[in-house]
Amino acid sequence: MRKVCVVVTARPSWAKLEPVCRALQARADVELQIVACASALLERYGRVVDVIAAQGYPIAEQVYSVYEGATLETSARETGALCTALAGTFARLRPDVVLVMADRHEVLGAAQAAAYSHLLLAHCQGGERSGSVDDKVRDSITALADLHFPCTEGAGFRVYSLTGAWDRIQVTGCPSIDVAREAHGEPPVTAEELGGAGVPIDLSRPFGVVLQHPVTSEADEAEAQMGATLHAADESGLPCVVFWPGQDAGAEGVSKAIRVCQTQPGERFHTVRNLPPHRFLRFLTHASVLVGNSSAGIRESSYLGVPVIDIGSRQQGRERASNVVWCPHDAGRIAAAMARQIAHGRYPSSPLYGTGDAGPKIAEVLAHVRLGVDSRSVRV
Amino acid sequence: MRKVCVVVTARPSWAKLEPVCRALQARADVELQIVACASALLERYGRVVDVIAAQGYPIAEQVYSVYEGATLETSARETGALCTALAGTFARLRPDVVLVMADRHEVLGAAQAAAYSHLLLAHCQGGERSGSVDDKVRDSITALADLHFPCTEGAGFRVYSLTGAWDRIQVTGCPSIDVAREAHGEPPVTAEELGGAGVPIDLSRPFGVVLQHPVTSEADEAEAQMGATLHAADESGLPCVVFWPGQDAGAEGVSKAIRVCQTQPGERFHTVRNLPPHRFLRFLTHASVLVGNSSAGIRESSYLGVPVIDIGSRQQGRERASNVVWCPHDAGRIAAAMARQIAHGRYPSSPLYGTGDAGPKIAEVLAHVRLGVDSRSVRV
Amino acid sequence: MRKVCVVVTARPSWAKLEPVCRALQARADVELQIVACASALLERYGRVVDVIAAQGYPIAEQVYSVYEGATLETSARETGALCTALAGTFARLRPDVVLVMADRHEVLGAAQAAAYSHLLLAHCQGGERSGSVDDKVRDSITALADLHFPCTEGAGFRVYSLTGAWDRIQVTGCPSIDVAREAHGEPPVTAEELGGAGVPIDLSRPFGVVLQHPVTSEADEAEAQMGATLHAADESGLPCVVFWPGQDAGAEGVSKAIRVCQTQPGERFHTVRNLPPHRFLRFLTHASVLVGNSSAGIRESSYLGVPVIDIGSRQQGRERASNVVWCPHDAGRIAAAMARQIAHGRYPSSPLYGTGDAGPKIAEVLAHVRLGVDSRSVRV
Amino acid sequence: MRKVCVVVTARPSWAKLEPVCRALQARADVELQIVACASALLERYGRVVDVIAAQGYPIAEQVYSVYEGATLETSARETGALCTALAGTFARLRPDVVLVMADRHEVLGAAQAAAYSHLLLAHCQGGERSGSVDDKVRDSITALADLHFPCTEGAGFRVYSLTGAWDRIQVTGCPSIDVAREAHGEPPVTAEELGGAGVPIDLSRPFGVVLQHPVTSEADEAEAQMGATLHAADESGLPCVVFWPGQDAGAEGVSKAIRVCQTQPGERFHTVRNLPPHRFLRFLTHASVLVGNSSAGIRESSYLGVPVIDIGSRQQGRERASNVVWCPHDAGRIAAAMARQIAHGRYPSSPLYGTGDAGPKIAEVLAHVRLGVDSRSVRV
């Protein structure tokens, strides 16, 4: 039986790999091997490996590779460490195909370990542009991979430019849209499922969502940037759910801006720490508007048709559907854009990032593609 | 003063990096930092780091990263180990630019360490095609690099396809041609300088050269392949200098084929273990024909105009000038090709792989290119 | 109201343009202008302009541009003549968008007339490979066009390489698949609808189809090539419907081979001159196997799942689904391939050349794309 | 003997084709056939065909193809007319190779006539970017051509993207640089050779040159744009030679701005109608600064090292060497840039657009490239 090894290096990647793993798991002709590594094993990132196991997936190996202290140097060290360790893992597990996701620095280590071990390497989310060193890492992984599952046609074109091998590319859409499609059809999130603190929110009436992460290279401005967004959100008159930021540099500034609001008289924000991906999308699909710089505004929201204000540079370069309006960090312009988006209402679902069947499509190719390095195609 | 760090990972790369290092060393506006690592430090590969030091170059750091036992797994481990270690090296040396060469697996580790450390990364010999996993590794390094010095226009075109950034590519030719140009103008090698064993050879009269390495993936056929070549060489009537092979899988078979010849009556081969690059080219430039599968037949010989028979699959995919005739491993066809090439005589020098000024050209760009990741061009 | 001008230059193009015209005609926001020219007006090619008018489409202009005597020179003259004449037509009709199809030489003339008149130019079937000067003409039209509707993802990748403009490319599939989808769901063709001569055929039982055109550059071998195919078809034991060839050089040889068979004792061929596209596909979808070198074997049959033997060089370079087996002009190999394909039976429908909704997709983009030369995208 | 047909369609193209024709004419292995057509035959464009004949070149045919009245429609008609007529010319002359230059609309007609006649087609100046429909026409010609002689490496990369055929591309530099190299070594132009009117100018002392054409799409602003340039030139204190514009839409405005200056007290301009290319470059090479929007500021000046102010949008997209400073149409900024450029003085010669040997290089390839459509390379 064909063995497919899926490498999970971080919590956000799992949300995108899960639909693929589910489809692989459902097949009789494939044995799924999940290797969890890097921050997927760490408590302070929520140990997604435990979530994976709790969902009933088998964990073939766990590989620790994160160094204490996040610096430029440690990301290089971690990549090296992961490459070194996975070389041993692959020698033990002997998979036929290895699947990796996206562009985090350590993923290149996994890709190298697979390529040097002469294993068939498949890659999701290649060919996108987002600026910064991520573009280089992503393209570098594409250069090592044999099979490519880009999310958009534009990304597929770029993968073609990089590889020249059109028959090894299948534009499948992003697996995150599979989750969005599922969530779309389910009952709305209840107040209990939402949890959180601050002003209570009535989810049966129109509400907005604020989800804004710090931009690493603009960490010093994070507080002012979040301040402008919250100011505009407040002005909109719409009750809003505000999410606390992740852990990147600048997170403290974002949090501070939220706390400042909470102490002001008349503020109308409900705050939430975090929701599991599926529940988050069930929640998001009913929002009147999403404000901030989350990738969910670009990807999942395009499918869900949620009106979005994308603020600042974080998602720059990403392809976007017509539901997204861009704004700089300027409270006045954000407020004006919110007014327009609220007035516009829901957009038609866009197929830009997929139609919700990426997982089964990818699983189908991985199950049937000819092994051997020279003669294979993703086409049926 | 601008600091340029050159990473040397193996003996053959040094032959190509030396002209660049010489040109950098000669500049008042550059501080050269040589980091020697991987097999460049190992006795059984001739410890080229000692050669470098003896030539008067400063060795900034030595980094051990080779694992005992050459398997698919160890090459992945070594790349990881080198990436990890060089991250520390770069943090200590703080270079402005890092230069790497070609496509050996561990070079990708060096490239990653530089890219993740947000250093300006320059790469020589990108964009070539040679089949095998080397193509992937080479393209992957190109994806990480900021500045590209491909050897041929064809390779430059491919780098452009990969990167889309024409103003960061300068087709400089291969630095190995710098050595060839130098060697071209110097007095012929004497019998003493040549050394070796077997039938004595008169270098003032026409002679042939046989230089054939085993092909890793065809190791079992190595002896028969070398047998065919030597049979044809013998039949040519031309006295020949035969080089012993390197250490790759199959080397034993090649060596055995040579030894079998040595014991035959009337054989006319002189055998040589190895020559330093410069001396080798002074020797090669006077040969009537070069037979085998060495890269010198494709690169340096194109500049020198030496007639070449390229045999088998090892150099497949490489661009070649008109001095090269390809043959399969068939004694009859090799003999016929040798007769034609000997009758043809010397070819005009081809600029395909350069005109002998790659070192100064590369040094000039590295000294003057604007630092900072976003706005720079290799053009003056 | 937006005016879309569709240029029809030949009978076979109309079969592909019709689904687009139907979708355009059905829209309230578009005025359709059909310009019929070149061989679409000529009696000896069946004057498809009369068919178009009989189907209820408005003919805006008719432009004669075919020279008597088909030589290399006349195809150049015709292109020039069509370009010249259409410049006037466009000045009169003032369309907002011009749509052209495929790669016939005169289509480049139409494309030029549109581009020089600064009209928005849309092109179907760009990016394919078929060898010969057609590739050049097709790419040259792509270079002039603003909007691209390639049929396959592979063709889309190539259009991207040519233009670099991913947001002006939409892979819609081939409109010919729209016809195939429609035909697929309709009742089988009756003997009356089929018509023809020779041995009567029972369409309710398994039958094969032979459809083989002469290859212009191999005109001298046309008779022998058709002989081999008919010999194999005869040997298969399957009753076969054989179509007479088109009018290209070599057609006489193909016809002669058919007539020779007709005079032989025990032959089992029914012969047919021609069927309208829709009826042909209703007929084809029930065939046990299609033998020959028609593009219908590559395109429509991939959707219909009909087993195909593609013979010789005519369709070389075309992307093909798994329903196609290739054979050289060798009776023995054709017979063996037929046996395998008949045993295999119907294939699953492949989406390679589209899913049958190209017409409406193209019409939608043409109706909504922003006019003006600089800022437009085919994406919603 | 191999027949090479060079198609000359306009006066400016001849300046670039002449170095190639001279090199072809000098060869014993080539028969040169010059076909003069389009505006090359017209009195009001200076009938360059007479110049060609006076230089001793044989004119094989003259083909009239220009319609009276320059509109969008006539450029389409002219292209068609030229294609039609040249199909006959090529049938008569039977050349082995056809060479065309650059991107004027009618050149595509010539390219088509050659491609459809299955002649080997060579193209100079492909792959450049200049905005407007010229880019489409240029790329369309590239798609039809078999051999490509782009002027810069960047243009070569783009031709590669378009064609994927690296061995049919040779970056030769622009033949206009051959003329510049020649002119560079010759004695300065005398006042008699310069001619002209207005304030007398002493060519032995520092002087500036103003050469500004109207931009067709900004014809209404031509007078104001020229006014700003002349104002800045006046302010520089440097005596200037001002050239009258060509005949494009807006020329009247440019001329008016010059005449206004001539009537002002204290003006310091000398005006010149036109100089033959070679004499113009002998003149230009001694200028302290060139101001305006002529292509000579981008191409020939880069080789000559003349400081240049490039104004406005006309040369936008062109690659430029470090001798060029760009300015908008703003008298103050132009004056400031002139001051900086005059202070800077001459630049080192840049090889960006070539090193002055394009003609012989192109002739060499045309003389030796293998004929036949499938197997040929521009490399030796």
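Per-chain residue numbering starts at 1, and chain names A, B, C and D are given in the order in which the chains are listed.
Everything below uses one rule, namely that contacts are C-beta pairs under 8 Å (C-beta built on N, C-alpha and C of every residue); 3 or more make two chains touch, one makes a residue touch a chain.
This one's a predicted model, so the numbers in the text were calculated from it and none came from an experiment.
Novice: Looking at C-alpha means, what's the farthest chain from chain B?
Specialist: Of all the other chains, the one whose centre lies farthest from chain B is C.
Novice: Between chain A and chain D, what distance separates the C-alpha centroids? Give it in angstrom.
Specialist: Whole-Å distance between the two chain centres: 52.
Novice: Suppose each chain is reduced to the average of its Cα coordinates; what separation in Å results between chain C and chain D?
Specialist: 43
Novice: If a residue has to touch 2 or more other chains to count, which residues of chain B qualify?
Specialist: As it turns out, chain B has residues touching two or more other chains at 161.
Novice: Taking chains as nodes and touches as edges, what kind of graph is this: line, ring, star, complete or other?
Specialist: If you draw each chain as a dot and join those that touch, you get a single closed ring.
Novice: Please name which positions on chain B make contact with chain A in the complex.
Specialist: 72-77, 79-88, 90-91, 105, 108-109, 112-113, 115-118, 133, 136-137, 139-144, 161-162, 164
Novice: Provide the residue numbers of chain A that touch chain C in the complex, in ascending order.
Specialist: These residues of chain A touch chain C: 153-154, 156-158, 160-161, 166-167, 169-171, 319, 321-322, 348, 350, 352, 379-380.
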